[in-house]
Amino acid sequence: MLNSSHRLNVHYGGAEANVASILANLGHCVHFATKLPDSPLGDAAVRTLHANDVDTSQVLRGGSRIGVYYLESGDSLRYSKIIYDRLNSAIAEMDIGEWDFDKLFDGVTLFHITGITFALSEKWRQYGQKLIQEAFNRNIQISLDINFRPSMWTIGQAKSAISHVLPKISYCCANYLDARNFFDIDPSIARPGNMEICYQKINQRFPNIKALYATNRHVISTSDNSLQGIFWKDGQFIASKSYQLIPIVDRIGGGDAFAAGILHGILQNMNLEKTVDFAIAIALLKHTVKGDWIPISERYVLDWLKTPNGDVKR
Amino acid sequence: MLNSSHRLNVHYGGAEANVASILANLGHCVHFATKLPDSPLGDAAVRTLHANDVDTSQVLRGGSRIGVYYLESGDSLRYSKIIYDRLNSAIAEMDIGEWDFDKLFDGVTLFHITGITFALSEKWRQYGQKLIQEAFNRNIQISLDINFRPSMWTIGQAKSAISHVLPKISYCCANYLDARNFFDIDPSIARPGNMEICYQKINQRFPNIKALYATNRHVISTSDNSLQGIFWKDGQFIASKSYQLIPIVDRIGGGDAFAAGILHGILQNMNLEKTVDFAIAIALLKHTVKGDWIPISERYVLDWLKTPNGDVKR
Amino acid sequence: MLNSSHRLNVHYGGAEANVASILANLGHCVHFATKLPDSPLGDAAVRTLHANDVDTSQVLRGGSRIGVYYLESGDSLRYSKIIYDRLNSAIAEMDIGEWDFDKLFDGVTLFHITGITFALSEKWRQYGQKLIQEAFNRNIQISLDINFRPSMWTIGQAKSAISHVLPKISYCCANYLDARNFFDIDPSIARPGNMEICYQKINQRFPNIKALYATNRHVISTSDNSLQGIFWKDGQFIASKSYQLIPIVDRIGGGDAFAAGILHGILQNMNLEKTVDFAIAIALLKHTVKGDWIPISERYVLDWLKTPNGDVKR
Amino acid sequence: MLNSSHRLNVHYGGAEANVASILANLGHCVHFATKLPDSPLGDAAVRTLHANDVDTSQVLRGGSRIGVYYLESGDSLRYSKIIYDRLNSAIAEMDIGEWDFDKLFDGVTLFHITGITFALSEKWRQYGQKLIQEAFNRNIQISLDINFRPSMWTIGQAKSAISHVLPKISYCCANYLDARNFFDIDPSIARPGNMEICYQKINQRFPNIKALYATNRHVISTSDNSLQGIFWKDGQFIASKSYQLIPIVDRIGGGDAFAAGILHGILQNMNLEKTVDFAIAIALLKHTVKGDWIPISERYVLDWLKTPNGDVKR
Amino acid sequence: MLNSSHRLNVHYGGAEANVASILANLGHCVHFATKLPDSPLGDAAVRTLHANDVDTSQVLRGGSRIGVYYLESGDSLRYSKIIYDRLNSAIAEMDIGEWDFDKLFDGVTLFHITGITFALSEKWRQYGQKLIQEAFNRNIQISLDINFRPSMWTIGQAKSAISHVLPKISYCCANYLDARNFFDIDPSIARPGNMEICYQKINQRFPNIKALYATNRHVISTSDNSLQGIFWKDGQFIASKSYQLIPIVDRIGGGDAFAAGILHGILQNMNLEKTVDFAIAIALLKHTVKGDWIPISERYVLDWLKTPNGDVKR
Amino acid sequence: MLNSSHRLNVHYGGAEANVASILANLGHCVHFATKLPDSPLGDAAVRTLHANDVDTSQVLRGGSRIGVYYLESGDSLRYSKIIYDRLNSAIAEMDIGEWDFDKLFDGVTLFHITGITFALSEKWRQYGQKLIQEAFNRNIQISLDINFRPSMWTIGQAKSAISHVLPKISYCCANYLDARNFFDIDPSIARPGNMEICYQKINQRFPNIKALYATNRHVISTSDNSLQGIFWKDGQFIASKSYQLIPIVDRIGGGDAFAAGILHGILQNMNLEKTVDFAIAIALLKHTVKGDWIPISERYVLDWLKTPNGDVKR
């Protein structure tokens, strides 16, 4: 229990950083933009990103502190608990003017952002929209993971910020609740078993959205979940097999891993089935390691897909 | 395996200490009485109790050593094994005259003791009876966890010591075997599935007993048990849901956790259902941490009861 | 190096908490007043204080976060580096009105505070003065450790806050630089080798100050310091032997340990020599353990004073 | 993941060493013959064998290096991965002439070797045959675990080396694939569910083979396998219960543990049922500890067989 | 500090076991005789001795417990503290009749025992004498390390037990205090700088004693000692260089290491200078590792003696 | 001791890699060229280099294994011992033709190599010369650290390989022994205290050499060394202060750290004094951390130079 711990393991992560790291490990050229304090902890975050092949030349340095969370890792019937401590983080307090958009978006083809960043502060609700507008203006594909966190803001706040950007999005991670809350899909349609129609409807309202995806997680216990990926693209829908994960080492970042896998499939022009299989594989594998992401290559995932049953590789 | 270990994790505990620590963490004023050597290890035990909010002003200091057990922690199909090393412990060797009963029981409303303490030595068979008599004389409610350990004494020895105190007990942890061995309930009645009638009969013989309780544990493997709590009070009987625990981090102290939860419910005047739910929750949660008890607040347990499925709390 | 760490050891501390913990371990009744968040980390701090016998009933719970520092522990010729992260801590943001002074100071005979608390914020410069005034009004002895930290505030800011309280102080930790900066002693007098006269002069200006003390530290390397304690009381001055510490495990809290030792001597009416010997002993011993304080009893220190040469005790 | 590890746990093992260590722990007089470098790592291997009661007087010292493997230990749906690094190991490079066969086989009644040793190099394909011939000439019972590793050599290479020695073997570990590949049993006969007939046929072709055995492993995930032992001896066949192992701590060496158990049963003249029960027990228990073997006594296994359900032993 | 530890490192040792393990690592055939409980901890001790090449066939198994000590390891100016917990250990409670002396001493040429064993109990004061008498009767050389521990017995008790055996001793570890206390040498002669004459006088009184030795330790701090070896044999006396040890990892067993080195020199017929150099080398090296002894070969020590200045060996 | 270790800490390094990593941490654009196996261990090395900002695009992947060394880390009077295991490493076995020199040297201004690489194999004696020739042809400055290792090759072998390249070198790490062995300077001149004249003479013979440098290490014990840097450039000579290092955490890579510091000074056009101060600072700081290099920025070193006495930075 965190109330009687004498040691903490240290990992670096965050919704967008997780996607960035996985995509870089898969071989993509990924630039990560954030602001980190000019301190050993800021250095450590940069070093970790760089170890994972993420380009950090767009990381601003300065500000007062790095956002932190403490994970009380559960097991069996005891839940995992996250204590956030990200008030006044450098990213939350930065000024959007610290970025030169031309430089920031130079050479970029896809821009990924999540709702968690919008939720950081009142200011960031504007910044998020601004970043998406600037990317959109440059014909960059926009990828949004809605990632709604009720502890950070209300549905009302989120909806008012996100609704402005939805018409500019190309790829969107949204589950049935997001469909209800942010896309105004009727709850009778937006149900877990009915996501093909639901995604169809979203696409009708926002024809710029070319791909929609989510994971279905069934929680038996902290150590035992089943996980399935769903993916809609250009009118077609597919659901992966549902996999049972026992035990779960750390589920934090599982959704980001799936998002990274979907984006990888899209960027590699994989077909729907290969994409969702690849994405759910990374998501599953993420659950077997501590830390927000798993550092594996495309080859590793392809090897895994051949025999996803856990036999020893000698 | 213990025969090739190079490091030991150190935890402090014991049947009554576990109940004391959990009740103190739940917010009760708990005084723990024992004798510990005047050594760094004795200090460590006192410090640990105090960290958990247990009042240690009744802990005598002196004597030769602290009782120890070594736990070879099992997994899967390998059993956990306890090697006791508690010969000549300060508590076993103390003289009952070292306590002034008026001081010891001053302000006490409930006195909890277990059969393990009776089993420490011939002397303690008398001391246990004496303590209960002194508490009873002062109108203190007596709580007894029979906790029969065949490696410590015989049923005959245990019965002869415990039978004297049963008429003075208010709350008693006893399973179907205890019912047979110590309450003379016929084996045809004292069966796991028949505990309501069994407890009814015990209450008829010992009308001072207002509450009886136990856990039903089904062992699939060291890492996989199911656990259910049963509770009888004032003529009413209830059984909790049966929960499956996979994996089990450490089951030692699970029964004590349940006892603490039952006593909490009784002391808080919870109804039967709330009491058994609360008690089984602590017992389950205890299985997910190393050490003899789990340091959680009442609020933690109530939060858990709302969603006992192990989802992440963000 | 912190920029490539994967694990952190966790310790709880802070200038006043360190003094409180040592005095409680020495057997004094110590109440610690602060504000901590209602979170597992806040719980952990309370549990740790309580394990050390500090009464925590005056600890307010609430607010956004707990102040944190990261220690990059040096060795040999590499310096130790502290990265503070205490913006918006619960204590810094609390309102003084959350305390009922009558309740806070009920039964208190000595009140200890340090300059670090004054330095937390503009608001705390007032709160510090208010607390001292309230204690002074109740005839409580005031103990102040000036503990000037140039990274937290300027000499000017510090002087303007502290000068108001100096007339009410009974016991004061102040070295030759503090004498210059806060007591207006001429640098020609306020020199390391001349502290008897310097303290005399301070006492002439502030006759309420009955005791003054400090440590002289000579830094050969991070792992090799010499340390001496000096102590003035009621017109008498004494300097302890100078001790060489090789290696130093962790010097953080060494000054607080000395302050606690001096206060112990004063509270126990030890003579000057015994007091400074006792105080420097705790200060030295603190350097040999990780964490902000050392949990030792009075008997441990007295044993140490008999043979301070490090032979094995069997 | 091995690509981001900062610490490695060190264990010593190898197919024959595992069998040797378990048999020695079970109380047999076991001499292990190999060649290890005259280095601290070679010393460590010898010390570990000796701690397990294996006689190491036949271990040659010298050569360039010790063979190493790195185990990336999987969990749940992530496979365990072994990276071999045994090029130029002392054993692979040794000359058979370094052993005096009379001395090597003096007093030996049973000689155990595995296909992995044959696979080490072209040279060792000859050495393996030579060793078996020399043992056979001295009326020593030969035990062979075929242990075919496709990453080390081809079926063709293996068959050409092994076919020469099969007529001299008394005890042989061979599963249905080995039956097909090395004993020319028709795939329609050599099937998992048909091993009695399959072993019968092998015995008809190689009447010197008195016992055949294997494990059936069903892999649900890295953490969840079921395991069953099968055993044929002198015309009789038996299959153990199939056991489910959740979680698996480390399965490496599980087959060697089974082989050791079978040899123990043969050497102790246990009946078929007792032998297979004993052997599967050790194999199962091996899966619950890290390292290539489990250091347990015969008494431990017999205790386990009484209550193989994982209850705590107090 | 032990009062706030959460982990213990586990090592096995004891005065005679330390000498046995070092001599076995140096290549001697060493048989260790003791009694250990038939438990995993007893097994662990046997395994550890065996890993170090000590023959354990004379170790009796049974009795209630293994003697334990807890080491609070000091640093710098904080002393190391040993808390003994060896009441009722199997060795202390055993009956001398459990050994068949003919079997025990079969093939033995040198028998080593220390005063600590005599000090275990009243009974052991007799057993120690008996063992020495039985060895003496068989023309076995007797080696005694007086190892007087004031916490175990008084000088009077020790003298009355030891004086009977002194005439039968061949090799004796005794420092100037032992010379005063047990050999009646006048304090004016028995002084640290005068040990040649002192040993001469002992030899005159006990002409059977062929060799006498001791270490001179000068304690600057727990982490900084200087150490010198002295050795008298057959009328000749030599003192080694005095070495400074900074830092000291663990000094426990340093004296036993020196004794083992002296016995090695005697057994190998080294000359006086080589013997004392070899012995002090092992004693120094022991101080650089945790645990009661250091597992090094004769070659390691000889390599060290060539360049005892700590340069890297590549 | 390595012969009884159960855990190994893992670090990545090597003479040129150390220089590369430090220079990259100091802010230089550094490309590292080697060959590493296409395995998780090869990945780990690449990830580590990349975390330190070293460009790894010139790292070839393939071959059989990664070279390894085991460090038995000494303390006090016990030496550190390195056990090399780098037979058949991918770098040793690679073919020089795997590199396209135009691509390899594209944009490079300085090329650093050490004698250890020449010493890897007969083949590498040629490859080293070839690489230097190719760099020289492209007007790239050549930096050579002679780094003679007697365990890898003889002086004769080394001289014959290195003498060919000396005329093309610009910057050279060479101590007085290297001066004798490889530059034919008379031993009467090539003495530790006479390096200015010695370097002058080397420069006369090899006028292309613009800078020469080395460290003087005085070994008191494994934990206590003094270290001084010397530096000759363009006719001027300077020696740094001699610093005492107590304790030494790990000296491996200390010389490489000094080389990196000198190259940094040269590349930044620092004056002689600033260069040698900067270089010795990094060398000293390297000794205070585990692993082959220390990850610090130029600002860190400049901060250190202001107060190189180890006081806490708050």
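Order as written gives the chain letters A, B, C, D, E and F; numbering starts at 1 within each chain.
Operating definition for what follows: a contact is a pair of C-beta atoms (placed from the backbone, for glycine too) under 8 Å apart; a residue touches a chain by one contact, two chains touch by 3 or more.
Everything quoted here is computed from the prediction, not taken from an experiment.
Between chain C and chain F, the least number of touching-chain steps is 1. Comparing the CA-atom centres of all chains against that of chain E, the greatest distance is found for A.
Distance between Cα centroids is largest for the pairing of chain F with B.
At the interface between chain B and chain E, two copies of one sequence, more than half of the residue numbers in use are shared by both copies. Look at where the CA atoms of chain C average out and do the same for chain D: the two points lie 63 Å apart. Per-chain CA centroids place chain E at a distance of 46 Å from chain F. Counting only residues that touch two or more partner chains, chain E has 1, 3-4, 6, 43, 47, 51, 81, 246-247, 295.
Chain contact topology: the protein chains form a pattern that is neither a line, a ring, a star nor a complete graph. Screening every pair of chains for touch gives A-B, A-C, A-D, A-F, B-C, B-D, B-E, C-E, C-F, D-E, D-F, E-F.
Those residues of chain B lying in contact with chain C across their complex are 43, 47-48, 50-53, 295, 297. Within the complex formed with chain D, the chain F residues making contact are 1-10, 39-41, 43-44, 47, 64-65, 68, 70, 72, 81, 83, 85, 87-88. Those residues of chain C lying in contact with chain E across their complex are 51, 243-249, 284-285, 287-289, 294-296, 304, 307-314. Those residues of chain E that touch chain C in the complex are listed here as 1, 3-4, 74-82, 84, 149, 151, 219-224, 246-247, 251-252.
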